[in-house]
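Look at the two complexes coming up: chain A is in both, with chain B in one and chain C in the other.
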Partner chain A sequence: MSFTIIPATTDHAAVINSMTHELAEFEKLPNGPQLSESEFREAIAEKNLFGFVALIEEQIVGFVMCYYGFSTWQGKFIFMEDLYVRPAHRKGGIGKALWKEVAKVAYEQNLRRIQWTVLDWNTNAINFYKSIGATDMHDRDGWLDFRLFRPAIAQFVGGNSENGV
Partner chain B sequence: MALRIVYATAEHASLLMDMIKELAEFEKIPHGPTITIDRLADDLSKEHVFGLVAYEGETPVGMSLYYLAYSTWEGQFIHMEDLYVRPDFRKKGYGKALWSEIAKLSKEKGMTRLEWSVLNWNTNAIDFYKQMGAKDLHATGGWLNFRLGRDGIVRLAANAQNT
Partner chain C sequence: MPLQIISATSAHAAEINTLLHELAAFEKLPEGPELSEGQIGEAIANKNLHGLLAYMDEELAGFALFDYSFCTWQGKYMFLHEIFVRPAHRKHGVGKGLWKSIAKLAHEQNLARIQLDVLDWNTDAIKFYKAFGAVDFTKEEGWRDFRVPRSEIAKFAAANPSAPV
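What follows is the complex of A and B.
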């Protein structure tokens, strides 16, 4: 079945938000998504998130959501936060088409990179990424990603009230 | 002399660029930084990036640069891109003070996470991060960080729909 890809708008927020839950299930992290539909809509409205949806006969069958990051080495870049195609619509080129729309945005703005994360067991995705010429940044340079969660943020701040701005 | 931390403006771009290059040298990737001072100044004024500059008296001693990221699971958060203290000013708690400012901003904005990257050989930094309760996302969750560079972007974009 043929599909079309259009920019994501606030009208799509509810469906995209529920699909992030489907993606989280796939990632075996079903308790990950915590955002409400209205928070999601606001994120799109305020352009904190931007992206595209894939439609088949006006039904959303896939999406990609991104934001802009900043590298002190290469400037503004796109961080691809989520990409998902519903199981029934896979193997039809929709995933690659969504990727291409993101690449087009990066190209038109003359951005130097697109970044994203993937789970190390997701070999299908990893093979696709390598086939388009992407690099595992830990493999190449030894970069590790760290995260401080909210309780630890609070604890860290609690013990360190030194000179502030 | 007391430590003073200020928010970076476009006027700090040249100073920040010097420290970005010093940090890249430390990271053993000296050719990493390719942006210009003008571009950094422009991006600071447009809030594509935010910064903190640390002074001891009138002497600049360190900096941190960060951007606002967005998780489809938990909303807006800070990605801490660079944090650096000049070698002559280390062991004075200035790095921790910069970290505290970033963490304070995160807490005030109700953010649920703060993220950054580190090179796997930087054991001093990694030990500090673990002490503050931070998690290595690959070790704890299996996440890998991928990047597509300019050549890959050009190839992939060449066949996009609606071109």
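What follows is the complex of A and C.
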């Protein structure tokens, strides 16, 4: 079945937000997405997020959402946050087509890289990414992703930070 | 004078560039930094990049560089790109002082998280971050950092853009 790919707009925010939840379920991290639909819409409106949606007969069947980061080593880059195609529409080239749109944006701006994270058990995704020339940065250099969340930030700032931490 | 921490301006580009290269050499990735001093200065002036510089007795002792991004799950967050204390100035609280300033900024803006990468062999850094409540997200949930460089982007984006995928 043929599909079209168009830039994501605020009109798509509700559907993309709900598909973000579908993706999180698949990733076995259903509590991950914490943004409301209006926060999502605002992020697209203010261009803090940008992306593309894939449509079949005017229904959204897949999407990709990205944002820009700035690396001290390589300057501006694209961080691809979510890439998702609904199960019923897989194996039809939609994922690759969505990815191609992101690659075109990066290419037009002459960016040095596109970056994202993938779960170590998601072998289908890993194989797809390796087929398009991606490198696992943990395998290559040993990089690990560390995070400090809001409660720990608050504790550090407001709590016993003087006492031998 | 003991420890002094200030916000970086574009006037500090040369000092920042020096420290970036010192840190990359320590990380055994000396070819990593590709930006010129001018590009670093411009990034700070345009607020694409933010920094803190630490001085001990008026000598340049260390720095932290960060930017802000927007995640589809948690909204605005801080990405800490670099935090480094020169060997001669270690064990005097410079690292903790920098970390505290970073955490205060994140806390004041009510950010969902601070995120950073660390090399898996850098056990001192790993201990330091864990002491402040940071979590190894690669271990915790299995996330791996993937990247595709400019050469691969070009292959994918520019080749036969109108051919079926």
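Going forward, the second predicted complex is superposed on the first by the 158 of 165 C-alpha atoms of A that agree within 3 Å, B and C clash if a C-alpha of one lies under 4 Å from a C-alpha of the other, contacts with A are read in each partner's own complex, and residues count from 1 in each chain.
The working rule: a residue touches a chain if its C-beta (ideal position, glycine included) is under 8 Å from a C-beta of that chain, and two chains touch if they have at least 3 such contacts.
Keep in mind that what you see is a predicted model, and the values were worked out from it rather than measured.
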{"item": "Chain C versus chain B on the shared chain A, clash or fit after superposition", "value": "clash"}
{"item": "Partner chain(s) touched by A:35 [first = chain B, second = chain C, both, neither]", "value": "both"}
{"item": "First (chain B), second (chain C), both or neither touched by A:111", "value": "both"}
{"item": "Partner chain in contact with A:93 - chain B first, chain C second, else both or neither", "value": "second"}
{"item": "Intersection of chain A interface sets (partners chain B, chain C)", "value": "20, 24, 29, 32-35, 39-40, 43, 48-49, 65, 67-76, 79, 81-82, 97, 99-100, 103-104, 106-108, 111-121, 126, 129, 132-138, 141-150, 152-157, 161, 165"}
{"item": "Sites on chain A touched by chain B in the complex", "value": "4-5, 17, 20, 24, 29, 32-35, 39-40, 43, 48-49, 65, 67-76, 79, 81-82, 97, 99-101, 103-104, 106-108, 111-121, 126, 129, 132-138, 141-157, 160-165"}
{"item": "Interface residues, chain B side, partner chain A - complex", "value": "2-7, 16, 20, 24, 29, 32-35, 39-40, 43, 48-49, 52, 65, 67-76, 79, 81-82, 93, 96-97, 99-101, 103-104, 106-107, 111-121, 126, 129, 132-138, 141-157, 159-163"}
{"item": "Chain A partner contacts - residues on chain C that touch it in the complex", "value": "20, 24, 29, 32-35, 39-40, 43, 48-49, 65, 67, 69-76, 79, 81-82, 96, 99-100, 103-104, 106-107, 110-121, 126, 129, 131-139, 141-158, 161, 164-165"}
{"item": "Touching residues (chain side chain A, partner chain C) in the complex", "value": "20, 24, 29, 32-35, 39-40, 43, 48-49, 65, 67-76, 79, 81-82, 93, 96-97, 99-100, 103-104, 106-108, 110-121, 126, 129, 132-138, 141-150, 152-158, 161, 165"}
